[in-house]
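Encoded as structure tokens, here's the structure I'll be asking about.
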Amino acid sequence: MAKPVRVTVWNEFRHEKKNKEIAAIYPDGMHAAIASHLNAAGGMKARTATLDEPDHGLTEDVLAGTDVLIWWGHMAHGEVREEIVDRVQSHVIAGMGIILLHSAHFSKIFRRLMGTTCSLKWREVAEKEILWCTKPGHPITEGLPDPIILEHTEMYGEFFDVPEPEETIFISHFAGGEVFRSGCTWRRGAGKVFYFRPGHETYPIFKDPNVLKVIENACRWEAPAGRQDITVSHRGEIGWFEKQK
Amino acid sequence: MAKPVRVTVWNEFRHEKKNKEIAAIYPDGMHAAIASHLNAAGGMKARTATLDEPDHGLTEDVLAGTDVLIWWGHMAHGEVREEIVDRVQSHVIAGMGIILLHSAHFSKIFRRLMGTTCSLKWREVAEKEILWCTKPGHPITEGLPDPIILEHTEMYGEFFDVPEPEETIFISHFAGGEVFRSGCTWRRGAGKVFYFRPGHETYPIFKDPNVLKVIENACRWEAPAGRQDITVSHRGEIGWFEKQK
Amino acid sequence: MAKPVRVTVWNEFRHEKKNKEIAAIYPDGMHAAIASHLNAAGGMKARTATLDEPDHGLTEDVLAGTDVLIWWGHMAHGEVREEIVDRVQSHVIAGMGIILLHSAHFSKIFRRLMGTTCSLKWREVAEKEILWCTKPGHPITEGLPDPIILEHTEMYGEFFDVPEPEETIFISHFAGGEVFRSGCTWRRGAGKVFYFRPGHETYPIFKDPNVLKVIENACRWEAPAGRQDITVSHRGEIGWFEKQK
Amino acid sequence: MAKPVRVTVWNEFRHEKKNKEIAAIYPDGMHAAIASHLNAAGGMKARTATLDEPDHGLTEDVLAGTDVLIWWGHMAHGEVREEIVDRVQSHVIAGMGIILLHSAHFSKIFRRLMGTTCSLKWREVAEKEILWCTKPGHPITEGLPDPIILEHTEMYGEFFDVPEPEETIFISHFAGGEVFRSGCTWRRGAGKVFYFRPGHETYPIFKDPNVLKVIENACRWEAPAGRQDITVSHRGEIGWFEKQK
């Protein structure tokens, strides 16, 4: 039997504490809602970590035991310590997958991995979003309808300042007239990066079964595979590679 | 002074002959409307070629004197001879640019260059199209507003069965709910390929200044550059490359 | 338990019949050597098909029961019927994986899928090849040394006329001075395409455990996943997608 | 007449001051050698900037007047101030081109733009390098031989920890057995990024006419084009885009 994918769901966990409406939707936080879905999905073992824990809950030990890290942040991006961003980046380079949800587009770790501003346009009028699949045959699309429809969402619009995605999996249509590349992948070192747009704190997006299924699929797809060793600054004498075992 | 870009605008030129409404919009054909814009733009020299000319107007001589070929076809894709498709493909590989407009998504030459079906969804109810720029800094976007708005168009919707674009320059929003990757580029051999979605025969799309500007920009961008020699089946003895001049 | 990946190993199977030296290395053909490895690898079920069988062994039934097709051809590319090339292409678009080995770079199906000439430089002096991994973290690199060394091979050199690979997994160094992108992937429709350079008929390449491991990894990676339906020419009325179940 | 491309050649300019052999090759620094070539090439205006000037010579004014920035650094990467790295990154996002030479692979600005470690293998035994063109038709390859041969260089070997290049233009073969993706491009925001491997401080690489020609071509190719405006955090009310002029 394949080993379960070890997922850590990270949430800044502030909105849920400050806002009663949000707390009503996610009494234990968005991280708990996501982790609960993943633990029920099979083949996965999810735990959580939050901003206010020591080291933001992301110690070396936790990351060493994480195959895929899910990240949700919004109002407290600035409070994430640089040292922890460095640490997460190192683990991605070494093969850990990372999934960035919604407002995590402006997180330090996503901007670090992209090398761009990750800025975009936005609007909150609870408009309708229709996500079209532009990558049939991709594991992330498994078992999903096309399109995926979300009746009420915050709008995100182009230009989304990220490097050209290696794979564009979903493109969103918003009632107000904008479009957005809502599901995109990149590789950094041996690790896979997936940005997924839906996930506002007020609309109950993380209770939508299709949204949860996308996240679940992405966890399976991002589980580390292949060679994980990234040579760092290796000086090779002539013929060094002939002597390897 | 830089040499002018030599453009050949190809049109199957059938709709304009069969349909009075279309003839009223484009009395000399869509190719003439496009060529006329390009000839007025400066730095370019455009001529035309059509399906019913000998060799569809695309003799070796014509192609040898063409830097960028523009292609519009729809009802007569099947009448284009394989031999001419081979010839056009060879010239693209050798460095000639090619621009495919609208219904040319189903042309033999585009399907040949893509290796896929190039199929898509469509609807003709004169709905509104909004093209968003997803590639600022690309020469094709020069001097254009963002978004580009077309009040009445035929809809094209995803999934558009093409290989992952190397550059996605425009994504369209349609009033009816669909999205489409409307401006995409790929390279084949030494030649550049640009697919541009707008361009229906009934709506006067090729009189829209922004649409014409995109085509003009693409012609400048696709003009051949760099080394053009593609080695075909070369057998190299040890050290052959040291003896080159 | 996951369903086994169903692999069909196709070989033109002519060299082995005409040349005693090659027959001595591969008495039942290269396809048999590869299939035998895959059947022993676990989680896979491999069968074979060859040029001289009816429909080249690639009937609709065979392809409908194939998750991944492996292709080896060289001296008889021209004998493969267009109708069978069409059929294989359709299955790739619909999600079947395809692996092209060595001289299959000039097969009709590879050129069809790429849209280019797929030409390259070559030399047969039994020189040494060193394949370097440029994509750690890719499932195809699982369990392999870096570099992979092949003491005696035919050389293939750049420029390799294929579209920019979506992933470049291995780059080869040849003793005579050339380099080559030896392991490359692309998507076509819902199907994955992997070109792998090693595999000459005279050198016993398909007995090398690393070469076989790459092929085995590629079979697992290419097994169909995600949504497989590619819409072909669908006309959508306004709101059609709201009525889907 | 087209406006000249305004180039700023940045050099940390330390090796030349500390080491007599290097000073003998580049009495005014490598930056001066490169700028001198560019100023003689036509259509370009190059100036220089160095680490020990105020703001490392890269004030807002200097960058605002720079179309393409060339970067050479090695022993003093750590002395480049974060604030200046931020400033250069902002200008790249806004459309300024950047060219990174040789040991600049480990510069703060390159690592910032890539989001990876940019590590690699290396060796200094004055071995031979052969650069093969993998992108005919790219403006950077204009007027160059294929291959480009450098008799004595420092070796750089894969794995080169950068994101999958958008274009791989040159791949190097080293006498000792390694390969390297030596000419690669990416976009960040509206700006183009080109990494070019040759350029060691001891070997007189920046006196090689082919190396200089590559740099010159890259300057022309990277000159800003297209729309340059990257929206930052724009909140759009419904219909805002209809009201634009």
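A, B, C and D label the chains in the order they appear, each numbered from 1.
Everything below uses one rule, namely that a contact is a pair of C-beta atoms (placed from the backbone, for glycine too) under 8 Å apart; a residue touches a chain by one contact, two chains touch by 3 or more.
Because the structure is predicted, anything quoted here is derived from the model rather than measured.
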Please indicate which chain is farthest from subunit D, where distance is taken between mean Cα coordinates of the chains.
C
Counting C-beta pairs in contact, which comes out ahead: B-D or A-D?
A-D
If you average the Cα atoms of subunit B and of subunit D to get two centres, how far apart are those centres in Å?
32
Roughly how far is subunit A from subunit B, centre to centre by C-alpha average, rounded to an integer in Å?
37
Among subunit C residues, those touching two or more other chains are 130, 133, 135-136, 146, 157, 159, 164, 166, 177-178, 187, 189, 230, 241
If you look only at subunit C, which of its residues touch subunit B in the complex?
89, 93, 112-117, 119-123, 125, 127, 155, 157, 159, 161, 163-164, 166, 176-178, 186-189, 230-239, 241
Any idea which subunit D residues touch subunit C in the complex?
130, 132-136, 146, 157-160, 164, 166-168, 171-174, 177-179, 181
In their shared complex, at which residues does subunit A touch subunit C?
2, 95, 130, 133, 135-142, 144-147, 149, 166, 187, 189-192, 217, 224-230, 241-242, 244
